[in-house]
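In the two complexes below, subunit A is the common chain; its partner is subunit B in one and subunit C in the other.
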Partner chain A sequence: MSTPTQTETTSESTFTRLSGVWNEYLPYWFMAPMVLVMVMITFFPGAYDLYLSLVAEPTLNVLDAEFVGLRNYETAFTRGGAVHSFIITITVVVSALLLESVLGFFLAALVTGVESSRAKSFYRVLFIIPMAVAPVSLATIGRIMLNTEIGVIPYLINAATPFTAPAFLSDVPLLTVILLDTWNWTPFMFIIFYAGLSSVPGTLIEASRVDGAPLWRRYVHVIIPYMKPVVFVAALIRMIDLFRTFGVVYGLTRGGPGTATQLVSINVYEQMFINNQAGVAAAIAIVYLVFVIVLCNVLIAKVGFKGVLD
Partner chain B sequence: MATEDIEPATKSQRLDEGTRKTVVRVVRHSLLLTWSFVVLFPLYWLVSMSLKPPGLANSLPPDWIFLPTVYNYIQLLQREEFLMAFANSIIMVTASVILVLLIGVPAAYVLSRYDVPMQRDVLVWILSSRMLPPIAVVIPFFVIFRELNLFDTRIGMVIMYVSINLSLVVWVMKAFFDGIPETLEEAARVDGATQFQGFLKVVLPAAKPGIFSVAIISFIFAWIELLFGLVLTSFEAVPVTLFVYSFIGSRSIEWSMLAAASTAMIVPVVVFLIAVNKYLAAGLSFGVVIKE
Partner chain C sequence: MVIQRNRRNFIKATGVGLIGGLAGCTRGGEGESGDSSGGSDELAIPLSEYEDADIEWKQFEGSKINIGAVQHPWVSAIEPAVPVFEELTGIEVGWNILPEQQFRTKRQTDVSTGAGQFDVFFLDQVVNQFRNEGWLQTLDQYFDDSSLYDENWWQPDDLFEASRWQAHGGGYTDEWTGIPITTEVQTQFYRTDLYEEHGLEVAETLEEFRQNAQTIHENGSDVVGTAGRGQKGYGMNIYILNTFIREFGAELWTEFPSDSGLDTEGAINAAQWYSGLLQDYGPEGASSQTWSDVLSTMQEGRAGHIVADANLFWPDLTGEDSQVADSIGIAKAPRPADGEFGPNAYNWQISTSKNADNSEQAFLFMLWASSQPTNTWMHLENGAAFSVRQSVWENDEFRSRVGEEFAQVSLESLQQAQPDPFDEQYPEWGQSYSEELQRAIAGQKSAEAAMTQAAELAEEIYSD
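Here is the complex of A and B:
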């Protein structure tokens, strides 16, 4: 913070002035690139999808395009399978989110209670490893291990239990997708809940222990309410990502058999790149987009974001 | 009824503290080991398949004991497409992580320290970029990339990878900066540092755990991405996920090679995860609890 004196050379004072400008407008320099990228990746695709969904044939000259109103939307919901794919997607999102949250919390609570710090660190590293597996690789593993003829899991079920293994990929494809996603992403919930649990003040737990409250009551009345923000943030982020699910389904069943696992993302992809129906694809995408954004905003407004948004 | 309720409680109180602790420990570790098995079995199966000679890969009942061979990996390394896809992914993903940190971390700092107008709306807007289903994003970019000659280029893919991770970087780092006391920079300012120097030399080092963990998470999200590669590349900039997928797509599946390729894909990320494990939990706390 030196003030330039007369003895300083011109170049030095130019530099001082420049760095003054840099420092004075620091917040703007720091924000500008992010805002630029955000505009590019939010407004542009949204606007372009909207345009695509309203025209018959997209042209580069936007004004030349033949606008068809809501015809693409009508096609999407009558012959495009949009309703079916919405229902399936919501089924997957809700069940996987519930499973992953409960399992993630349970595991985090178990690991937090481990006394030896070495064992703790071992479990922590081990439990986050599935996150390193790309959904498409997981689909590979799933197709190998669940295959009715050559798979080890049907083999073990048939050999070691009185049950007959279902044909995972054709009889219960949706359940298979949910279970594979749970394997893949429970680690995400685990690690966030683990961080949250580690930061619950010991005094709080101690106080409830002295009161003689049993374990489950301590969790329900003290620890979980304290962790509510963490639970909410983790669940929200995971939910948003679940709505994007693509790789595992595409690698596993490609939406099939029939349309049994045709999630919205798969449906849009097929309309766009297999059926060459850009307008219908964009129409489904737009409805989906509006749905997810409204849902998230309702959740954010309802539950609030204490400590993150303020 | 009432007496029955009391009965088990008094009984459990009679158990002495030591026995109770041992029981808890045994139950806890058996549950943890069960989950460890669930985590490890598919990975073990994948790796062991990749180490079996092709004929043995799918024999049932499984050959639990076999002579491991690196035959499949040698086959894999002889495929030029694999080497190229692997190199592509490493280069594109690493570049995108560096770029997303350069863009996202300073912005998160400003969102944490300054009164940004409409702060709440800005943050929700940032999160909304993650709500855009990638499939809705990829169609417009497919068109514009062809116009700008970015289709099937590494630069194009780097841009897409930045787009998926930016919101996460900003959110996690904002929460992290919130947890770093402002007195740190104030002290630096008193010592004559400029605002920028304060950020660079005092705040950034303090935020290291957050930066490490957000970097690894960004790396993972870009590394596992399939859809962008599927739509926006054809030959030159194909990522490794697409290489793995192309195996499944073909009519006769070479299971052993597929297992080897999938294993090769997992290894770098696992190495990373273990390396930054120490920071991961702290970095992903989102600052939500720490702040209260």
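Here is the complex of A and C:
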């Protein structure tokens, strides 16, 4: 039997010590790659945005930039049209979210009630198709279809109804934007609500049916309360996505006529890439980011996750 | 040597193949394309066309340049000839072709971050903005280098004065900010069949134009009197209105930078005329019409006229996609009875940034691309119709190809064009000005109120 040498003992103790440190911080090592990714894709751009909002001109040499305090924020809320674009954005988010939720739920309920599995499958595909259209394509198609002279929608309205089609993009631009977004994204709500409805236990529905509850009562008192977490999560995800809406509106109206459909995202884009006002664009983006984060947190705290976690 | 020769042949053959493929992806890459580059060994233009130039073409042999471009007919027209440049100089050419809006975003990111990815890039109304920010490299030092430039060969005086003026920052600098490569000028298009039906004369004045529009509008149930760009944006409604502002005797920046001139009597009259015309005789929703909507409306036979739009619409209006191809006439843009004819013209130019690694090679490419041999070949052999060189518009073979009427109207209009001067904040105040004009066209406010507000906003930007 051989005895360990001094060197072997030292190596072993170093290894044991390192192993101990590794094991002690094991959860953090596993999280490290994710933290690194988060820093690179979230915190760094956020910090750079904050830096841009506080300097006169963007420069690669951060230390040489002229610090202007809140001047860009002041410009954003005076000449930059930030307040107006916030109002437009909130209008679009609230309206589209309501419409998409109601329509999505209605369609999901209809398809859930269909008994033939082949018909169910057909309707599922049919209702999901609009979501597959890319925003830029949707905007381009929308512009052509809504054109008062050559568009098929004004033509059909004029030909098949007693009404005269409005000039969608100039007379009712905000409504047009909301309706187009609703057409594009109702399928998203439909998918989630359909999955939610499919997961409602059959015993609950059966019990309420035995109790003699009509269909609408079953929805109001059994199904919808059961689906509250699903509805909340779907609405929250869609709301956050709506706050980021850009391509379809820019392609359709470029934020006009005037600034009638100028969402915050479009305002930021124009300040940055048309006006070349990186600081003002960054200032609006920072305020917007804070606004959305606060709003989501308030909603989660006051409304949502109690139901989800229960 | 053997290896080098094989490599060059391979690059040439691959280049021709790729270019052919790319050309098919861009607007103008089909139809009249007359790629005469032939096989991999036959160049589109003989090298002898360039050997008279006192330029050391081979001094950067073995290097590479990167070009950032929008999807534009110029790209597809020149691509088959690029192997000529590669053979002439030994400089390899790489392309980055994007849709216009994506390209603008990428270009600004490239120059503002100092990435210097593009040695050559398309440049437009932001020329003085980029120059003012220190992103743009002016070209005078290269024009002064006798190994890079031969004035007798390149013949700068053959470029339209309006094109040279815009390449010099539209009066805001004496230096070359780039080389103009395409030009388009405002003209009017009208339906010859409707003119004949209603006994109308081609309008020379704004009043005649309005009367013609009224006659067509009121007598054709499915045809509107006119169509025009109402959409906001500096390539949209204000590109048209700026012509009328100048024709009404006013000007942009009566006194730079304190008086924008937008709220002068002439400018307000111009805005009233244009917004009134579109409201009375244009399509419903004229305020949201882009140039492509205007073109489509005319192509579909739904409008009697297009007022002051680009002469480059001609091939689209008389081509296969047009339902009224046989009854389209082209004439000079109308002017006020007591005003001076001065249509707007617009040039794309190619420039290089301060951060580009290969600006000298880029300059050689710019010279080659805009030279008479290349320009003439593109216009005679490869379907182009946007030359910045007068000699091309006067070339009998070219006139025969594009039509005498189109060539003569374009030439005379280009010779008298008064392009927009793009000051460094033009994109910013132009955006506000176009939004106000769009409101006036949509009937949301009067032309006077809109132009007064536009003037205030423009002057406020420079008051900071």
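In this section, the second predicted complex is superposed on the first by the 271 of 310 C-alpha atoms of A that agree within 3 Å, B and C clash if a C-alpha of one lies under 4 Å from a C-alpha of the other, contacts with A are read in each partner's own complex, and residues count from 1 in each chain.
Following the convention adopted for this analysis, a contact is a pair of C-beta atoms (placed from the backbone, for glycine too) under 8 Å apart; a residue touches a chain by one contact, two chains touch by 3 or more.
Small disclaimer: the values here were computed from a predicted structure and weren't measured.
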Contacts of A:Thr148 with subunit B and subunit C, given as first, second, both or neither: second
First (subunit B), second (subunit C), both or neither touched by A:Ala281: first
Which superposed partner A:Thr253 touches (first subunit B, second subunit C, both, neither): second
Contacts of A:Arg79 with subunit B and subunit C, given as first, second, both or neither: second
Touched partner set for A:Gly46, first subunit B, second subunit C, both or neither: first
More subunit A residues in contact [subunit B versus subunit C]: B
First (subunit B), second (subunit C), both or neither touched by A:Ser170: second
Which superposed partner A:Glu270 touches (first subunit B, second subunit C, both, neither): second
Which superposed partner A:Asn23 touches (first subunit B, second subunit C, both, neither): first
Touching partner for A:Tyr226 - first (subunit B), second (subunit C), both, neither: first
Set intersection of subunit A contacts, subunit C complex versus subunit B complex: 58, 60, 143-144, 150, 273, 278
Touch list for subunit A against partner subunit B, complex: 1, 19, 22-23, 26-27, 29-31, 33-35, 37-38, 40-42, 44-46, 48-49, 52, 58, 60, 107, 110-111, 113-115, 121, 123-137, 139-141, 143-145, 150, 152, 155, 159, 183, 191-192, 194-196, 198-200, 226-227, 229-230, 233-234, 237, 240-241, 243-244, 246-247, 250-251, 264-265, 268-269, 272-273, 278, 281-282, 285-286, 288-289, 292-293, 296-297, 300, 305-310
Subunit B residues within the subunit A interface of the complex: 24-25, 28-29, 31-32, 35-36, 38-40, 42-43, 45-46, 49, 58, 60-62, 102-104, 106-107, 109-111, 114, 116, 119-120, 123-137, 139-141, 143-144, 147, 162-163, 166, 168, 170-171, 174-175, 178, 192, 194-196, 199, 220, 223-227, 230-231, 241, 244-245, 247-248, 253, 255, 258-259, 262, 265-266, 269-270, 272-274, 277, 280-282, 284-292
Residue ranges of subunit A in contact with subunit C within the complex: 57-58, 60, 75, 79, 143-144, 147-150, 154, 165-171, 173, 253-259, 270, 273-278
Interfacial residue positions of subunit C with respect to subunit A in the complex: 104-105, 108, 112-114, 126, 129, 133, 224, 227, 230-233, 283-288, 290, 293, 296-297, 300, 302-303, 427-428, 431, 435-436, 438-439, 441-442, 444, 457, 460-461, 464
